[in-house]
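Structures given as structure tokens follow.
One chain, subunit A, appears in both complexes that follow, with subunit B as partner in the first and subunit C in the second.
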Partner chain A sequence: MSAAKGSIPGAPEAQGQQRRGPADRHGFRLEVRDLEIRNRRDGPAVVSGISFAVRPGDVLGLVGESGSGKTTVALALLGHTRRGLSVSAGEIRLDGMDLLRLRPAALRQVRGARVSYVPQDPSAALNPALRIGYQLREALRSHARITGDPETRVREVLGEVRLDASPGMLRRYPHQLSGGQQQRVALAMAFSCRPSLIVLDEPTTGLDVSTQRHILDTVRRLCRRYGVAAVYVSHDLAVVSELAAEVAVMYAGRVVEAGPAALLFGRPLHPYTQGLLASVPVPEGGRRLTGIPGQQPPPGHRGPGCAFVPRCALALDECRARAPEPVPLAGRTVLCLRAAETGTARAEPRPAAAVTDPPAGAAVLSVRGVSASYGPVRVLSGIDLEVPPQACVALVGESGSGKTTLARCIVGLHRDWTGEMTFQGARLARGARHRPVPVLQQIQCVFQNPYTSLNPRKTVGQIVAEPLRRFLHVPRGEQSERAVSVLGDVALGPRYLSRYPDQLSGGERQRVAIARALVAEPSLLVCDEVTSALDVSVQAVVVELLRAAAARRHLAMLFITHNLALVRSVAQFAVVLRQGEIVEAGPAEQVLADPGSDYTAQLMADVPRLRS
Partner chain B sequence: MTEPRAVRRPEPEPATEPGGPGGSPSPARPRAARDAHPVRHLLGRRAAAGLFTLCVVSVLVFAATEVLPGNAANAVLGRTAASSPAALHRLEAALHLNRGLLDQYWLWFSGLFTGHLGHSLVNGQPVWGYAAPRLINSAVLMAVTGVIGAAAGVALGALAALRRDGWFDHICAVTALAVTALPEFVVAIGLIILFSTVVTHLLPAVSLLPPGSYAWNAPRLLILPVATLVVVIVPYIQRMTRAAMIEALESDYVEMARLKGVPMWRIVLVHALPNATAPVIQVIGLNFLYLAGGVVLVEYVFAFPGIGQGLVDAVENRDIPVIQFIVVLLAAFYVFMNIVTDVIALLVTPRHRIPR
Partner chain C sequence: MTAAAPGTERIRRHQWLASMGSAVRTPRGAAGLGLAGFVVAVAVIGPQVAPDSPGALLTLPFAKPSGRFLLGADFLGRDVLSRVLDGGWLLLLMAVAATVLGIAAGAAAGISAAYLRGRPDGLIMRTVDVILAFPQLVFALLLLSILGPRLWLIVLAVGLTHAPAVARVLRSATLDISERDFVKVAELQGMRPAAVMAKEILPSLSTPLMVEAGLRLTYSIIIMAGLAFLGFGQPPPAPSWGTMINENRAGLALNPWAVIMPALLIALLTVGTNLLTDAVGRAALGVDRRPGEAALADALDPAPNRAGNRA
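Our next item is the complex of A and B:
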């Protein structure tokens, strides 16, 4: 964690720190005590008993799966609650001043000026109707205490996030910027008033590794330089471990474990923290990802005991009956009745390589000299690729590299390509409409976004049975039996048959999508970024399911991802794609451990790693 | 706001700039710059399509009036047609009825552009002289109503969105529903009862204009028709504004503006309203169209000498040249308004107006 890495020459680090006096009497910039937020003033608690503190220049990582309440807490740090929620207890002290006791006018003056926010999705959080120059200046103009010329400050902060501050740039609308540029504008906006605290809500989700690396470096550097305390919300423990000195792990609205990052990541005590850590893929080693099966109970369904019980391997009857209280233990706070014993259970060695070598044989799919375009824009050129039988090939690349286009060409959704593709020795026609039914059945696809790839008006049973009817002509009576058995393969019970997609979590939806592909009994499965919309813990579950199902059914798989860390956990072969061309290809181990190209090496260097 | 929050990888793949650590802006795309400007592109396409539509309409109108049983000369002369074939022939010649259909159409169609619109069959007045005052009266009624109705609708809708689920919002919703359920002439009669007959006598019950005078000569006469039509159009504009404003107010960018400490009035006027404009403009445009042609009943109740009533009279009297002219004119207005609303909607949406 060197701050010097990205510092601008001539700007001494200490200068900013001196600008602001000591934070409060304990030396904390931010102190949160016993925060409780309820749904409607008397409804069930969404989060409760939240306490943590951050020192100037430090970053606190707030981690947990989606639905754990981490964004709710993050927004409360700005005195804001989403519709329907309200703070029912606790205090949030910023430099000693309780934000929750402020009147609206005073709170407005604090927001943006002394505590600022970096959103998860800058493409939605920047106003599409306003130029970015206007939006940057507005942050300054809303707070009179900023001295000096706003124009100068805008140029200064844009320089700090390494964006060009030309008038042409400032006149752009958000949609004219790339995702990384948008996020840098949001960062510049957050730092522009020189706040005491900055709250970052998953700011790098959806960004490429190199862009993510740059954003992380910038955050670290600016926090150090200006003595800003930061709260970094993320579900990605690898990212947090690179940035945060302290970590608070949230589960079902409570902080289940909190303490120094080195301790938590080195020797986690809470079973949930252990589970999260076990689901983080490691780019260098193909270890088996375990994930955490099940999902957290929503507010109002959390029962009297520990909320983690249904997913906990160590749960006792006592855990069901009595809610644990936070106890200090081994340098941290843990919320678990069995915390004293869990530390020992963790010593087990990591399972060996998850991926086995495939048998040799003629390729299932071979792609030769394929070039594809969208209208006049060429997206792929001269792609050569082979998927051996029962093997998994990972296709890796940043957004815009053309990997999704290649998937669409292979499954026949994109027709504008030249070259040759053969599947099981026979030439593939360009469009799906021109391919014989057996070929359609043999090549199945799982799409990136499980929220849009399932028909919301059909039940899971109907969705999974459709390929049975269409491809395999299974009689109606047998369909539900087959559907149940394939749902079992993705660890979903028969009770899911009658559910609709919107009643499912993201991970469950993606498993339904996988079941829909598997039920057709394909020989090639094309998975396009299937885990990018999922939590790390859910990603681990889905990847494991996919790997196991592929092995059991002797499937060949093309696994498309931007996440290099995942590759070794699923694939035997890796192909790196850059701007529509293959940079390098070969056995996954070799490509990742000893990259032949600078590009792959740079990508590997940029992957966030768990530091413990 | 239906998009799931977890999904963050926008991906049609081509032409997205990864935006490397260097942080230079993506280079200008000369290809996009050479393409026609979206507004000009839209205007050109729509104008061409509009002209084509109008030609088709003119053919349809002409054909429809032609297939009416008997010819215009018969209709005008009535019983005398049978008794005096000479008179019939003279009239037929005057109306060019003795020529071929195509010839007749061309005479009429070219007349539209040269100003030779023919004469009313009923009183021999030039069509333009008959229609012009009515057109102007209707235009005044429409403009006054449209401006007041749009302003009131947007204001009420925006307020209802800001006070979402409060008493103001509920009253607005119920009133709007009740008013939309009432036919416009009922609203008109209700207003007449309230303001000019039974309850009070503040305003004239009918809006008869003396011949040769225009609506602005007697503004008092306009009050009730305008009020009726405002009551009719406000609910639509108000409801659309409310929905669009709620969507904007619930958006991430408004939340972001709040978290930036932007004052509330700026959030509403600068952040939310511009993003809610496009759908509201479309509804206002639709209401202008309604006001242009669909207000016959209201004009009838108040005996207001407008274009709607003029058209009804002409149809009753089989006054074919008048019918043809008014219908083509209304069609032209429809086409024009559609283009105008689309262009405005495009202008207020930078995402569509400016290429990536």
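Our next item is the complex of A and C:
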């Protein structure tokens, strides 16, 4: 430990290449060995057998679906476990010093100074009542001994994250900054003490692609410059592939595959990694997405065998009986009994194009010169848009572009708009209360957040039967039959009828919300960011179900998303929205492959792509 | 993923029953239920087992306890035990009725204010502010002294004075729920506002409703007893705990039991309902979950963090 203390240089103002103390004898800044975290000392293991190492200046991507234990591991790197959890085995060595053996006081000195953390949601992590200048200085003040003059350092780190270091900026409160700026402040805070290790927990999840690109560039640049080891937690493989040299894929509390990013993304060996990669939408290609059906078992419900068996196409009886051990293979470590064969099993051709050309005909929905405002603030101006029959129109835009407001105007939740909308030839009234019941039935909506769009006090059966009762006057006896059939369309079995929403995963909830919209037999389906709260693997399942169901029922669809990569997998037409105005519209292929505007071209350039 | 763990099927239909169940398993809840249950049992079974008629003049005023009269006699020489056993049920009944009335009126006002917003909100909440400006007891006394002490009027007065406080609490609870998308879905299904409030919003308010009901019941008992003490209760020959305290305080030195017993029962009842309410509120919030359980639940349910991400 004394050796570790000696590694902290006194004058950190030097620019350019700066090595931060010695890494351990293998050249690793961070080494995690056989980490196991349990719920109470004797409870089920939440994560186990976690081993990885990161070199100075490198980024390790820790990927997996939510619930895989990646955040639990990330927090353990700061010597922290959530209430009720405790580390039961293993070691975490930072520059050779075992973090898990430190006393609380010593750990406090390490946190912030030598290990820092960038949380997922900066708006929640920054104190809303304090100016950002104060918060930045506070981080430095707590570790005064190891840094020089706070003012110089504050200006320096703000410059490093490309934020204006003027006094005016420092006097702002977090709510006066955009989401991207807030995340930059959090990054500046994390880098301000020149740490050895930085842990980033999905820091770009809520950000637009361009902002995300800037944040990723900043992280990469600063890690290189200061020899910082970074652990980047994310469920988004495309983001990780752009940033990380090494990747560890987690599933149900184990690392199932770990190794150099190029190898893992180029030729994944574990069936789970293969599944995750197949779920990632590609902006250029309109291929069908194949997700991973099912969900991972929670701690305490993981059987004796491999936890991936229920979702694995290659599972054998042996996989059920015996837990696999990590084996080194083809330059990486894999946790799969059939690892040697999986590389060859994945020779199947890429799936066919997802979308087909719609038939010609009068538009189902046409929007002419619609402008909308919230009180004095105008959020949409002069929108013209047509949704042809049986076609899907993707409405793409960054947050704040007004895309959700347009959806709310169309379905009748927002009434403060001017212009004209016609639906199947008839004018649409403003506000759902003024629309006749058949119109309400014909336009159905699926909301962004499946955690608030289902009434927690109603069963799935009641939720899905409600439109049948209201719109279609289906007799009680037939309701459950119809509900079962529509649940089948979204790949949920009849046993879901009696479940309550809080017994379902996010993906299952969103499928119930889709079933509720489909059961009303609409002719237009408005989908507002329906996958943005979901994991990539689940997103793929949901998008594919939605696309297939719409095609089968000859539905027209308005698919609102911030994710350009998804557009080609679901829509024939694309409309790009920016600050309330349409920038570009046309066939999806043309808009994305050959953008007519600089804005769209920039967005396409900023979309993270899988690099293999 | 929220991973609804296989095998942990929970019955969520009656969430208030579940909270109640886990509340009475905590020491606080068990004590509350025990105390309140005991007093309710006294009030309900009492009239059947009372040894004497509560109105009969049987012995000397303020007679000390004896084998014949276990708690002695009151200021007219009536049996205190019989009067205590007989004097609770009407108080309880009136307190419950006033609570139900107050909760119903307050909930209706609070939920509509929050859901309808705009002008109804302003109108309802300003009325609530005005009523809240009067101390509850003073307001009840005012009504009673103008219209005369009738039992239904006491219930009405106490119930109505509960309503504003209930309305405030339920308004803030409803504000949160009415912004959720499932409410919007119901509107898009063409549901009328009254139906949205009753069918979609109300079921999610069971926890605040339960806590409010418990709290208001406690207050009802106190105010009813207080009103009886001040002479606004049942007319004199009938026994009532509140009235008994007033009638017999002159003889406190001669036979203290005539005051202590009714006061004790009122105290036990209010403490009991309060403890039980507190336990229910905690159970519903999850404060009394064991730490391990809470951590596991957090680990399994990252939903709240993810939910607001791109909002």
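Heads up, the rule we're going with is that the second predicted complex is superposed on the first by the 592 of 612 C-alpha atoms of A that agree within 3 Å, B and C clash if a C-alpha of one lies under 4 Å from a C-alpha of the other, contacts with A are read in each partner's own complex, and residues count from 1 in each chain.
The criterion applied here is as follows: a residue touches a chain if its C-beta (ideal position, glycine included) is under 8 Å from a C-beta of that chain, and two chains touch if they have at least 3 such contacts.
Computed from a prediction, not measured in an experiment: that's the story for all the values here.
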| request: With the two complexes superposed on chain A, say which partner A:G506 touches: subunit B (first), subunit C (second), both, or neither. | output: both
| query | Touching A:S399, do we find subunit B (first), subunit C (second), both, or neither? | reply | both
| task | Return first, second, both or neither, reflecting whether A:Q462 touches subunit B, subunit C, both chains, or no partner chain. | result | neither
| query | Between subunit B (first) and subunit C (second), which, if any, makes contact with A:Q448: first, second, both or neither? | reply | both
| task | For A:D121, select first, second, both or neither according to whether it touches subunit B, subunit C, the two together, or no partner. | result | both
| request: Give one of first, second, both or neither to describe whether A:Q296 is in contact with subunit B, with subunit C, with both, or with none. | output: second
| task | Answer with first, second, both or neither: which of subunit B and subunit C does A:L78 touch in the superposed model? | result | first
| query | Thinking of the overlay built on chain A, is A:S381 touched by subunit B (first), by subunit C (second), by both, or by neither? | reply | neither
| query | Does the superposition put A:S51 against subunit B (first), subunit C (second), both, or neither? | reply | neither
| query | Which parts of subunit A are touched by subunit B and by subunit C alike? | reply | 66, 83, 120-121, 205-206, 399, 448-449, 451, 506, 529, 532-533, 535, 562
| query | Which of the residues in subunit B come into contact with subunit A in the complex? | reply | 3-26, 31, 250-253, 255-263, 266, 270-271, 274-275, 348-351, 354, 356
| note | The residues of subunit C that touch subunit A in their complex are 1-7, 9-10, 12-13, 15, 180-182, 184-191, 200, 203-204, 291-296, 298-300, 302-311
| field | List of subunit A residues in touch with subunit B within their complex | value | 66, 75, 78, 80, 83, 108-113, 116-117, 119-121, 123-130, 138-139, 142-143, 161-164, 166, 168-169, 172-173, 175-181, 184, 189, 205-206, 208, 210-211, 213-214, 374, 376-377, 379, 398-405, 448-449, 451, 506, 529, 532-535, 562
| note | In their shared complex, subunit C is touched by residues of subunit A numbered 39-40, 43, 46, 65-67, 71-72, 82-85, 120-121, 205-206, 295-301, 399, 411-413, 432-433, 437, 440, 444-445, 447-449, 451-459, 466-467, 470-471, 499-500, 502-507, 516, 529, 532-533, 535, 538, 562
